[in-house]
Amino acid sequence: MIGYLTAILVVVLISALVALALNLQWGQAGMVNFGIFGFFAATSYVAALSSLAGYPLLISLVLAILTGVALSALVALVSARLREDYFAIATLAFAEAVRLFLLNETWLTGGANGLPGIPRPLSAYSSGQSYELLFFVMALVLAAICFAFAEALTKSPFGRVLRALREDDLVAATLGKHVLSFRIWAFSAGGAILGVAGYLHSSYFGYIDPTQFGAFVTAYAFMAVIAGGRGSNTGLLFGAVSVMVLLEGTRFLKDLMPFLDAGQAASLRLILIGAGLILLLIYKPQGFFREHRLRVDKGDTK
Amino acid sequence: MTEPLLKVEKLCAGYGSGDIVKNAGFTVSENGISTIVGPNGAGKSTLIKALVGLLTPRSGSIILAGKDVSKMNAPAKARAGLGYVPQEHNVFRNLSIGENMMLAYEFIAPDRAGFSAARDRVFDIFPDLVGRESDLAGNLSGGQRQMLAFGCALMPHPSLLLLDEPSAGLSPKYVEGMFAAVKAVNDAGVCILMIEQNVREAMAISETAIVLAAGEIRAQMPAREFMNHPDIHALYMGAASTRQQEGA
Amino acid sequence: MLQILLNGIVSGLLVALPAVALSLTYGVLNFPNFAIGSMITFGAYIALFFNVDIGVSLFVAAGLAAVGLAAVALLIDRLVYRPLRGADHVTLLVASIGVYFVLENVVRFLFGSDIRGYDVTVARPHRWMGLRVNNEQILIFVVAFLAMVIVWFILMRTPFGRAMRAVSDNPDLADVRGISRNKVIALVWVIAAALCSTAGVLIGMDGIIDPLMGWNYVLPLFAAVILGGIGNPLGAVLGALIIGIVEEMATLVLPTTYRQAVSFVIIVLVLLLRPHGLLGKPRISR
């Protein structure tokens, strides 16, 4: 039971990190990263490859983070000026390009077969169920650091500028803010968090392949961010946890409806994800939590 | 006196929490030109949007030719005989002049056959448009575009035409022409209700002045009386609210 | 070389059908519809159902698929997009990702994830002046060409086509002109559905049918629409032909598995260099 619980919690933490990255990029900076699964895939593969090459935890982690930052900075540099919908298309195109690379450069990535046998970190210190717990604690610490990092960014002057840019480029630009560089930094900060998420993902599962990184990762992340209230990091935690609990809960669909085969149960889950996302947009577009900025403003909007 | 063409009663409309137009009431009688004047921020644009149906009124009623159109959306109001020339973005820029004129007609007027007669009538008033049907509307100058917008609104023979600041953004050369066109359209039998900032020029062709300030109708009176009013300033600024009901 | 050009034009025409659909919905509803790929897939599977499971001819099945997909598209508009009318375009495009999930997985749920094919006999390719042409290619050429002509006629020569262009140009003014936006939107969905399902059937005849078939076209579609200028359906056709030809040419120097990367490169280049599309003239915005 503890094993199952920690497994779920680790999965929740990883997806919370992906959502946290999206919350910085989209929630704070207004950059609609539809290709978030591509960045996540790239950092996961780098983490996996460096772990397989025998590098220790810290080095693999740092490499994954650097990959996230570098790719994000590159993509942002090229496309940060674009309108929201173009940006979404451009990032999605990038992610698809990453997927093509992973599928076809078999010598490096194993292609469709993926990379098995990724060494698990800290396995020298523990094993069995206590190892699961140890991994969970490590993931929790890393996630807490990321969360603190995101929260600090949000509350800093940098965060304020980002939100100003999100609301109105022109106004912020006339204030003399360098729109482009702020955007690139914000997007890269998200990329760093995706690096941590990628590291945890590949080292926890010990096996990665391209099918783990599809558009559904984007859908999860958007659901979590919207449910938590765009821009709010605390709300996001709630959003990520509730979305993942919901999704994990749908795994039991198969038990409820034994006449479904495994494929049907899996597709039913994804149908529910899509429907959930749509319902959220229609009925709770502001999320269940409000961004703290809105709370502050509330007194004088009337 | 017969039933007025347009009767607005206790109209409230706005965005967000507050009402911008509050309890507005006025009438527009058949024939003639009525002009709504008022200082910036008086709520003129909001009032006209509510009349046209681009903004749903919160309460109150709008009766056009004896028919309650208060709750209708913009397309339905257009079909009920309300023409409208917005101040900006008033032509389809990526469509040709001919297509603009056709679109202005075909979804409102019931009979196909009347199209060419309607077009000829518009060409009579705006001869500049003749022979340019295949030009892209977006390539017209500001003044020509305004003429096209005006002509389009006339195409389906509206019973009442609303103009949102027809002279705004026009060079002085065109302003005079614009008001002459408004007068010509009215002479052709179309009742007009407009919003205008150029009060003096507008009043020269108007029969009725309707004063809107701070979202309320302060007065409705004959244009001549308005121009000779000893206290226009006070009307504008609201000190004359005691006269509110007069002439209504 | 001529062979490559021919293959490129044919695969470009295949992209052009849904690219026109994407461009129309983009213009009139003002958001990029990421569910366009799953509409292709869904259409292909409706035809598969009628062709293989019921046993009608593929031609009839394709017609039924167009009708069926149109009904599905109208239902989705009613349930999803209409409640969100007036929302910002990010909300709409996120919603379209939700729609994509639902559609693609309804297909998986009902038909499974295996590769399927239509019940048609494959004829030997013709040889003509040294060119290899198969029946599917001729069919794609004829059908796509006819579809383009019909769409062009509707758009440029009928009141509803004008209304569509009017709504995509200036929705508020279209309201004032007595044009009912919901009717125009419904018509756009019907046309888009017909184009997507036709493309789905043609793609299925030429290749394979699986739940991912439409998703694989999403990048080329967006590349074509961006290349042609957003909201410009005729530009999208041109964009699609260019994508088709460049993809074919790229196979000379790149492994065929990287075909789709062409779309990625084109998207990046166009967005960087000519965000208004290849036809240059920026659409006159309001």
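Chains: A, B and C, in written order; residue numbering restarts at 1 for each.
Quick note on the criterion: a residue touches a chain if its C-beta (ideal position, glycine included) is under 8 Å from a C-beta of that chain, and two chains touch if they have at least 3 such contacts.
Just so we're clear, the structure is a prediction, and the values are computed from it rather than from any experiment.
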Farthest chain (mean CA position) relative to chain B: A
Innermost chain, taking as reference the mean of every protein Cα atom displayed: C
Centre-to-centre distance between chain C and chain B (centres being mean Cα positions), rounded to whole Å: 43
Where chain A and chain B are represented by their mean Cα positions, the distance between them in whole Å: 53
Whole-Å gap between the CA centroids of chain A and chain C: 30
Residues on chain A engaged by chain C in the complex (per definition of touch): 32, 34, 78-79, 82, 84-86, 88-90, 92-94, 96-97, 100, 103-104, 215-216, 218-219, 222, 226, 263-264, 266-268, 270-271, 273-278, 281-282, 285
Contact footprint of chain A on chain C as seen in their complex: 31-32, 34, 79-80, 83-84, 87, 89-91, 93-95, 97-102, 104-106, 108-109, 112-113, 215, 218-219, 222-223, 226, 255, 257-258, 260-261, 263-264, 267-268, 271-272, 275
Complex contact set, residues of chain B against chain C: 52-54, 73-75, 78-79, 84, 86, 88-95, 99, 102-104, 106-108, 136, 138, 152, 156
Contact footprint of chain B on chain C as seen in their complex: 159, 162-163, 165-166, 169-170, 172-181, 283-286
